[in-house]
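Below: a set of structures, written as structure tokens.
Look for chain A in each of the two complexes below; its partner is chain B in the first and chain C in the second.
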Partner chain A sequence: MTFAKGLFLGTAASLALAAHLSAAAAEDDTLKIGLLATFEGAFTVLGEDSKRGAELALQQHDGMAGGKKIEWVIGSSDASPDSAVRAVRKLVEQDGVQIVVGPLSGDEGLAVKDYAKTQPNVTFVNGTSAAQDTTLRDPAPNFFRFSTDGAQWMAGLGDYAYTEKGYRNVATVAEDYSFPYTQVFGFMAEFCKAGGHVVSKSWVPIGNKDYSSVIAAIPADVDAVYVALGGADGVNFLTQYQQAGGTAPLIGGSITADQTVLSSQGKQKEAVLGMPSAGPIADTWDDPRWKDFVAAYQAAFPDGFPSPSLFAHGYYVNTEAVLKALDEVNGDLSDGGAKFRDALSKLEFDTPTGMVKLDANRNAIADIFVTEVAEGEDGNLYNKVVEVKEGVNQTLGQPIEEFLKLGVVGRDNPDCP
Partner chain B sequence: MKLSPLSTVLVALLVAMLVWLFVASWPDWLTGVLGAKKLFVTTIFNGVTLAGLYFLVASGFTLVFGLMRNVNLAHGSLYLLGAYVGYTVAELTGYWLIGLAAGFLVLSAVGAVMQILVFRRMEGDELRQTLVTIGLSIVAADLMLATWGGKTYQFSIPDWLNGAITTPIILAHRSNGDAVPLTYPFYRLVVLAAAIAIGIGLWLLLNRTRIGVMIRAGVDDRMMLSATGVNVHMVFAAVFAIGAGLAGFAGVVGGSALSIAPGEDVRYLLASLVVVIVGGMGSIPGAAIGALLIGLAEQIGLAYFPTYGVVLTFVIMVAVLAFRPQGIMGRPA
Partner chain C sequence: MSTLDPAAAAPARPWSIAGSPLTWAALALLLVYPFVASPFFIYQVGGYALVLGIIALSLMFLAGYGGMVSLSQMSAAGLAGYMVAILGSNSVGTGFDWPWWVVVPMAVLVGALFSTGTGLLAVRTAGIYTIMITLAIGMALFLLTQQNYAIFNGHSGFAGIAAPVVLGVDWHQPVPFYYLALFVAAACYAAVLYVARAPFGLALQAIRDNPRRMHALGFHVLAHRVAAYAFAGVIAGLGGVLLVWFNGRISPGTIGVDRMIDILVIAIVGGIRHPAGAFLGAIFFVILETFAIDIVGAERFNTMIGMLFLVVVVFSPDGLLGLWGKARRSLQRQELPNN
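Moving on to the complex of A and B:
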């Protein structure tokens, strides 16, 4: 397998190199930007929608920024950190891009941040990867995140579950990597503070199919089950939970209550109706900026989701930031992108989900939505807004020193049994 | 395989213990060790039914790999293609059973074509076969992604297969004395029944029919079989068709129990490889034992230590390779 894959990659690499050489000779008024997302594996469908978001942003800029024609170079990963680094190395070292938009998934973000430190003249702008430590601890000076992190996405949900829903004891089921750790952390930060208990946590590998035993292991006496599973994993869990006759109500992680899961064919509908969640978007927010975005998405991609997923949104916002900053510096990256990065870090702009700006670690401060899943008139499932939390920052409103003392998120941190 | 008196006693003890675990009402210390009885019993049920699914996939693989020495690393792609074809047909016709039949028949045809166009050209050349099938699986994965997209599909299984049934196993007693029985998804039991039926059918085919005799003779000495007037190529194409058809069948059955998405091909290829290596190449009973071990290991791992559960499967494989390299039921090479 490895040999064959190596051979395949080698061939692809030499072809790409040839293409690069001929393109460099051709013209100077095109700027290539790397687009890194998951076009393989369990998160394929997420990657596809993220590409729609990036394309939409470029379309609305007429394919131009800073006086240059923008061209995407696609890099594909399968949500594993090594595949992301392989793809981003190919983009930077062979295709010679100076700007990369991506990656999509949490562990990939951590790996790409570490790689970014070895390439100080290349600018990395996040896609939707939302692990906390991509920007919180030991950040890279050339990695920017205009989408918020997984703990920020949970703002308001813990309180909502405790006070409005009255849940006291909760079990969690989540994938075993940095992003769900961050989500569970964000949920527990509020929920435990309010007095709730998380009595059991199941961490399952990405791409797990059979959740029946995981479901059987959920204690029978919990008030609710918090689920942070993405893409195919989320669909599998929800269907099997419904089949196994699961009765405890669910609380959704941001990517579980997302169009990538909600719009899937199958019997999971009954399990998710009324499920509270929180995240960077809400499908039915009636703000004109969001409505325009949804309409543009639907018009541009008739075969897309009924409403853009948070992945389309994240890549849209980050691409938008890149294009705006390029406009500001007139597409000049000749100084190794220093001016461009300066423009990026000062950027403050209006997105479909409100104003976004960066903090000192180049992580976004933005609005977060507490939502509940409801059935729309067309029979599709949507997230309806319960509450909007404005200007959520990475430390969830706490001073940074205190927040850092909470420790690195992980399987056992935080803990409130 | 003959058992010595001592191991017979051990096996009998083990079975008796399992029966007791299922039937008895659990004392508190046991709940302390194994968790609630519901968790243990459900996990064993899950393991055995998952083993049924693994057996369906691996039986086709072992048939081809073991009997014909053909290394078909595109077996996982056959599984996924069968699932997609079955899904499409079931959606078009509205009948799940027609989808199931289509999964088997279409993939049998694909398998026969593969044997005639690919494997026959490179008989006995194992490295070339391996590389070509890897190539085919990569191409097939991208073609399927282009055709069906990255979405996760789920079959709507017919109502008479859906839902949970009440088993006679008593989990606990409520305070008013009512027994709480175990309920279990009916469909998963059907998967197990199908796997057992197919296993018995395959064993009978190989050991009790004339075609089975031909297949086994062809594996041992192709030239001699050919000299007795049998069309060897036809026999092998037929076996390959059955093997691929079983993969397609398993695709529909497995896609209905779990779901279909890109990436499933690699997963089931890996699962069948592990099952066949543990059970022994080319042995149908071996595939059954291997599937049972791997299915149980996976589910017990997920229920009791989800984070490190994956390791258990490979520990079993390493142990088997260390102590019995030909696999549990395999013949020494």
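Moving on to the complex of A and C:
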């Protein structure tokens, strides 16, 4: 028993010590930056890749910015908004960081934005969270997003489906939460404007296994089915759609045509061939900036993914922005970060996926890739870049008043039957 | 045979523990804590531990005195929290905007009714089957909140819920919230101690130890058990109201299966023989959850948390409280060799 007691007391003491150390003011020549991502729960693997992206950006800056050594303070959430706020509150109020990079997922982003309003002297720079209203409606003046939102990721896809593919009537199948709503919104904003109709929308719970009722609800005469399902959900739907004799061609969301679907075997391979989708990155883009990024990622993290995910990319770009702005103000945050935020909002820089700058709401204007699933010479499927939409803004090229009139993203909005 | 049980052996001095110097010392410590701690430690460590402790206390009452391990106490708390969001005001704009003095009793009532309903379903089972059925009920509520948009607003849940401003005090601020949580926690703690020594509580403990004999003596076994669920539901409901005020938001993730298990872990690691265990466990849990990541980094901190919990239960099946009991006994032995 004394061993257990000793261990417990030892732990308590070391916890107290750690708390004390982290509470101590940072030394003058180092600067602590909070890094918030999902290191627990269902998105752990994605959180780990996002950390690689942030670390790569810092590595390429030799660990320095604005003449100071940069040190990460890690915060972890399980992708629920409560845990994200608890983690970010600890980073800010306990560890005393003045800059936070993160979070990873959409609902967390909305929660962190609300928290940001209560901490006007701390600067929050997004990770990969892609909900629209993190910056579009009621934004926080100290929340910056150098990555794009889920609707922007769809830029070009609606037009491509309408004009190049000639689809007129489309049904959608997507998971039932904010990110797929935003993706469907982005697709429909363009597709409906071009003259297309979305005749039925199906929302399925995350992790759904049986799609028979969903498939039965897809009208027989649609030209295509838009599918925004991630990972295993996507594979399950595609398999069952094939088995049910579904023949309509597919259109994919940003995370539908990922490696899980592309490398799966069987008949769905034919179904996904030629499937267009769009997103903030394209694995096989042959631009040297992207190729350099992939090579650097692979060299730095031999045990990482074969190619950086959009999470690594998002954290990389946002961290890069923080480091560049810190360089500009020589690491001076003594004015509550006002100068630093000013530098951030004026920043315009080259990323692995093209030029990025911010709009008035501090949301990124960046390039989006329209891709199509093609078969490589080795027989493996990959996403071929068919179009690069340059400088996509948050309102997808529409005037902001007109765009806001489309209403808040949700299950029933937009609507064009 | 019930006299052999240490928890049931105390009725000769009903308030002996409530009046012990240790209790007063702990209370004094908790009262002065905000004067020495930073706002972060007051709110996010102190306040959060008290809230989780209250919810774990409702499980402790069921498990410790009733022998019924219910995983769905977190669900009862979460449902009460949802009621605060739905009946009060939230940023989604679907709230009824009722005043807090209507919302809070309603929320606690709904939490208690949910817990009572769970009890009605679960009391005919025992042991692992109780755990399974309450887990199923908790999962059902989780999936309902995740997929129902008309009432629970689905995956996103509700945000923008704040503790009210009453008597000129903004109860959302760290120090007022801490004292509010402390007051509720102390009241629940005292209520559990009182009930445990009241005839109802004694009958409940006797039912835990030998339901057949109690039945033969003329006690309505199931009614006592359901009543225990109802009482635990009131405590869980109070905890849920505080939890939603603490977070300022609620979503299905708040009542997911891992949160349900967290409450079980808190109760077990703290020790389910005495109400103090729930709060000890909550403090231990919150400190670990908050600071483990600083010690071992992002990849392995959950492993460390799990290992520490394992160490506690391996070396002391009665949890932290058991460690304390052992320490006290060995001290007493040294001081009083004749004991």
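Just so it is clear, the second predicted complex is superposed on the first by the 327 of 417 C-alpha atoms of A that agree within 3 Å, B and C clash if a C-alpha of one lies under 4 Å from a C-alpha of the other, contacts with A are read in each partner's own complex, and residues count from 1 in each chain.
Note that contacts are C-beta pairs under 8 Å (C-beta built on N, C-alpha and C of every residue); 3 or more make two chains touch, one makes a residue touch a chain.
Keep in mind that what you see is a predicted model, and the values were worked out from it rather than measured.
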item: Contacts of A:332 with chain B and chain C, given as first, second, both or neither; value: neither
item: Touching partner for A:42 - first (chain B), second (chain C), both, neither; value: first
item: Partner chain(s) touched by A:411 [first = chain B, second = chain C, both, neither]; value: both
item: Partner chain in contact with A:107 - chain B first, chain C second, else both or neither; value: second
item: First, second, both or neither for A:85, with chain B first and chain C second; value: second
item: Which superposed partner A:205 touches (first chain B, second chain C, both, neither); value: both
item: Partner chain(s) touched by A:375 [first = chain B, second = chain C, both, neither]; value: neither
item: Touched partner set for A:232, first chain B, second chain C, both or neither; value: first
item: Which of chain B and chain C A:216 touches, first, second, both or neither; value: first
item: Contacts on chain A seen with chain B and repeated with chain C across the two complexes; value: 1, 4, 8, 39-41, 47-48, 78, 176, 205, 411
item: Residues of chain B defined as touching chain A within the complex; value: 35-36, 38-39, 42-43, 46-47, 50, 73, 131, 134-135, 138, 145, 149-154, 156, 162, 164, 183, 185, 187-188, 258-259, 261-264, 267, 298-300, 302-304, 306-307, 309-310
item: Contact set on chain A toward chain B in their complex; value: 1, 4, 8, 39-42, 44-45, 47-48, 78, 176, 202-205, 207-214, 216-217, 220, 231-232, 235-236, 239-240, 243-245, 264-268, 411
item: Contacting residues of chain A [partner chain C, same complex]; value: 1, 3-5, 7-8, 11-12, 14-15, 18-19, 22-23, 37, 39-41, 47-48, 51, 73-76, 78-83, 85-86, 89-90, 93-95, 107, 110-111, 114, 176-178, 205-206, 411
item: In the complex with chain A, residue positions of chain C that touch it; value: 38-41, 44, 48, 143, 146-147, 149, 154-157, 159-160, 247-251, 253-254, 256, 258, 287-288, 290-295, 297-299, 301-302, 308, 311-312, 314-316, 320, 323, 326-327
